[in-house]
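Note that chain A is present in both complexes that follow, paired respectively with chain B and with chain C.
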Partner chain A sequence: MDNILISSTMKKSFGRSLVYVLPMLLLTFMFMTGGRPDFSNLSSALAIGVTFLFVNILYFLMHYTGKTDKFRAIIFIIFALTLSFTLIKNMLEVRSSMSFSQADILECKIPFCHLVIPMMILPAAFTNSIIFPGSIIGGFADISSMVVLWLVATLVLGRGFCSWGCFYGGWDDGFSRFRKKAAIKKLSEIWKWMPFAVLIMVSLTAALTLIPTYCDWICPFKAVTEFEQVTSVESATKALVFVSLFAGLVVVLPVLTKKRTQCSFLCPLGAVNTISNKVTPFTIKIDKNACTECFKCVEVCPLFALGKEEIKAGKVSVFCSKCGKCVDVCSKNAIHFGIKGIPAGVMKNFSRNLFLFVSFLFISVFSAGSIINMLQSFFNLIF
Partner chain B sequence: MTDSFILGISSGSACLVTCGMVMFPYLLAGSANVRRIISDLTLFLITRLAIYFILATIAWYFGQALFSNKIVRNVVPGILYIAFAVMLVWYSIGNNRTKECPAKIVKTVNNHRLVPIFLGVVNSLGFCPALFIILTKGATEGTLVQSYLAFLAFFAGSSLWFLPLPVAGIIRKKEVLKTIGILATGLAGIIFMIKGITNIIGGIING
Partner chain C sequence: MRKIKIIAGITWAFICLILIVILFPGLNSFSVSTSKLPFMKLNPNYSGGVVIHQLVTENCTLNIRKPVFDGLIGERRSGFVQLDWRGVVPDNIIDTIDFDLDQNPDFLIFINRKQSIAKLTPVSNRVKDLIISTPTSYGWSVRVGLNK
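And now, the complex of A and B:
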């Protein structure tokens, strides 16, 4: 009984939840319609309407039920799927193929993604040039808007970007939810440092060769977005590496371990976001007075951010992506969203509301474009 | 050049992990001022570079003599890459690393001025899997200059790890850096394993 009472503290009444949703309704409507709603096109109006309702219902449920991760995961996974759909659709329309040729590289027609950012820093500093063959400003998936979006998100959310903004994370997050129990329960935590090794490797090699080496040789998400045309043994090997890494780290291992293994063991941007976690105002706090050390949170953490040591010390590690899984599973409400400077166990509701508002607004606005795009394609088929 | 550089990074991290504890005190012993540390470090790096150029020359001439056939030129190095890459990955797994560092011999040198040179020789000739891989690469390059460039990139990658030596005392999370270094070594092993497979398939198809 006691457990139920304590766990229900994050729940809100129906009316109060509605009040919390009002500002989100207004902002998402503005962003989705660009401030000038145009309902002349039926499929476009329907797509915007459905997306608008979808995101706001999720936000309402977060407040009404007091659960975070469950509803975050829904939009996060849908974001990953629709973004891949949008990218593939765009490439098929522009070049009739998912693969790109050397001509596309020379014409800077490659869509940019945030994973390239760590490789751009050193070459940009030393040569004043951007090493990615994409559009710098304007056009589909241009470099400047993606860099600005990432920069703002990572400064505000820290590694929260990996659970509330990354349009690839939803893939392994989704697969990590396939089984009820993990088939592989023990994984050495040493691997969580691998993204830093990858980061060092790709940043330095990109600086030396002025080629985004991660995209060129490693990125598993090439398997679901775009890849170099297979014209030689080398490009075939690259395609094989992309597919193998996708199958291994994004599909098989997450299913078997219930962990986000690509994000934990490979992603170089995850390593950068881990560093920015030190400056973000939002964090996850552990209320030592309420914690019974049941370690359920350790078990469910998908990114190896929580260990028994961290719980005993009352502090989550810098690997935390603020997905909220640990918060949802804690029956004592001992682990909660917090703000740096405010002690653990204090202003839990305020901290959660503020974090949810910022992070959910970001993911809903960021994901809306691709969700609307996919729905519009679907409605176009029907009507 | 990229792969040689990657290999250099991995080799440098491995060197630091095994030999760091031996090399730090000798390079830094009695050197209160930064100028002395930098001059010792420069001498150490120049010695390494010189040794690598000698190795590049020897490897390339050996390669010319041994790999004259086009298929052999791709397939044999491919097999060697895979074998050494497996060794590199094996080496990166904690329990398989040699606990003893060859640089320990430096204890026998009394002249402090000779220590950086001696360490440079011992360090560059410490026959680890990474050096075997770069020797294979040097042997299969088209020209002697390309072989030098491969060794130069290897040197540049491995030297990066030595640059923080003067400030080693103030680095707090040495264990974390050590872990990342070891993982980078394993990663380089995997990269060269892929390169080896590509070489073999390419050699057979194009041969």
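And now, the complex of A and C:
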């Protein structure tokens, strides 16, 4: 009985949850419609309406149930799927193919994604230019907009970007939820440092060759977005690497381990976001007075951010992406969303409400474009 | 001290909230400002370099770009020169190119657009090989490999 009472402290009444949703309703309405809803196109109006309802119902449920991760995961996974759908649809419309040609590279028409950012830094510092065949401003996924979006998101959310903003993370997050129990339970935690090695390697090779080497040779998500046209042994090898890494790190290992292995072991931007985790005001706090050291949170953490040492020390590591899985599983509410400067165990509701508002507003507006696009394509088929 | 830490933490959190709220409506203007930063321009290895010479015929313009040897620090030993034919490009392109503008031909290029055949005949010993020859939305482009 005591456990039930404590675990329900994050829950809110129906009316109170509605009050908390009101600002989100207003802002998502403004951002999705531009303040001027257009009902002249039925499928577009329906797509916007469904997306608007969908995101706000999820946000309401986060407050009403007091649970975070399962509702976050729904929008996060849908974001990944719809973004891939939107990208592929856009490429099929523009190029009639998922692969890009030499002409697309020469004309600098390749959509930019945030994973290129770590490789841009050294060349930008030395050559005063960007090493990517995309558009600086204007057009689909231009470099300036993506840099601004990532910069603000990583400043505000830190590694929370990896669970609340990255449009690829939903893939391995989704596959990590396929099984109820992990088939592989023991994975050496040393691998969590691997993204730093990848970051150093791709930053140096990109600087030396002036080619974004991660995108060119490693990125597993090329398998679900776009890749170089296979015209030679080299391009065929690259395609094989993309597909193998996607199958291994995004599908098979997450299914077997229930961990987000691509994000934990490979992603160089994850390493950069880990560093910015030091700057963000939002964090996860451990209330040592309430903690019974059951280590359920350690078991469920998908990014190896929590170990027994961290729990005993009362501090989560910088690898934390604030997904909320550990918070949801803790029956004592000993682990909770917090704000730096506020001691653990204090102002839990305030900290959670503020973090949820910021992070959910970001993902709901960021993902809305691709969700609306996919729904609109679906409604266009019907009407 | 504890109170100051709490107030600082909450203040920073509210600043972040404001940042996220203004991010999306202000994205266009933030992006335009970002695009004006000094390093926000494409490296010549991707843009192809600036156009240094134009040969204009009745319906077609040939843009000869500045040879690109850009490396991380200084110039590389090998690079390329990009040529773009824009407008109504003839089915067969036969051009003699002087890319360094020294009044001496550097290479001859023959392109059959319909069969996607491209042939390079080097004249200068700086000219290496044909790296790319491809149709583009504006016509046809080639990149020719060069030695410094």
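Just so we're on the same page, the second predicted complex is superposed on the first by the 383 of 383 C-alpha atoms of A that agree within 3 Å, B and C clash if a C-alpha of one lies under 4 Å from a C-alpha of the other, contacts with A are read in each partner's own complex, and residues count from 1 in each chain.
FYI, contacts are C-beta pairs under 8 Å (C-beta built on N, C-alpha and C of every residue); 3 or more make two chains touch, one makes a residue touch a chain.
As the structure is a computational prediction, the values presented were derived from the model and not from experiment.
With both complexes brought onto chain A, simultaneous placement of chain B and chain C is permitted, the two fitting side by side without a clash. Of the two partner chains placed by superposition, only chain C is touched by A:156; chain B is not. When the shared chain is aligned, chain B comes close enough to touch A:197, but chain C does not. Comparing chain C and chain B on the residues of chain A they touch gives the larger count to C.
Touch criterion met: A:147 reaches chain C, while chain B stays clear of it.
Contacts of A:208 after superposition on the shared chain: both chain B and chain C are touched. Touch criterion not met for A:247: it reaches neither chain B nor chain C. Vertex at chain A: the C-alpha centres of chain B and chain C lie 60° apart in angle, rounded to steps of 10. When both complexes are overlaid on chain A, the residue A:19 reaches neither chain B nor chain C. In the superposition on chain A, contact of A:94 is made with neither chain B nor chain C. Contacts of A:131 after superposition on the shared chain: chain C is touched, whereas chain B is not.
For the pair chain B and chain C, the model built by superposing on chain A gives 10 Å as the shortest CA-CA distance.
Under the contact criterion defined above, the residues of chain A that touch both chain B in one complex and chain C in the other are 208.
Residues 1-2, 5-6, 9, 153, 156-157, 160, 176, 179-181, 183-184, 187-188, 191, 194, 197-198, 201-202, 205-206 of chain B are the ones that touch chain A when the two sit in their complex. Contact residues of chain C toward chain A in the complex are 2, 5-10, 12-14, 16-17, 19-21, 23-25, 27, 30-32, 34-35, 38-48, 70-73, 82, 132, 134-138, 141, 143.
Taken together, the chain A residues at the contact with chain C in this complex read 27, 30-31, 101-103, 105-108, 122-133, 136-137, 142-145, 147-149, 152, 155-156, 207-208, 210, 280-282, 339-343, 354-355, 357-358, 361-362, 365. Of all the residues in chain A, the ones that touch chain B in their complex are 190-191, 193-194, 196-198, 200-201, 204-205, 208-209, 211, 213, 217, 233-234, 237, 241.
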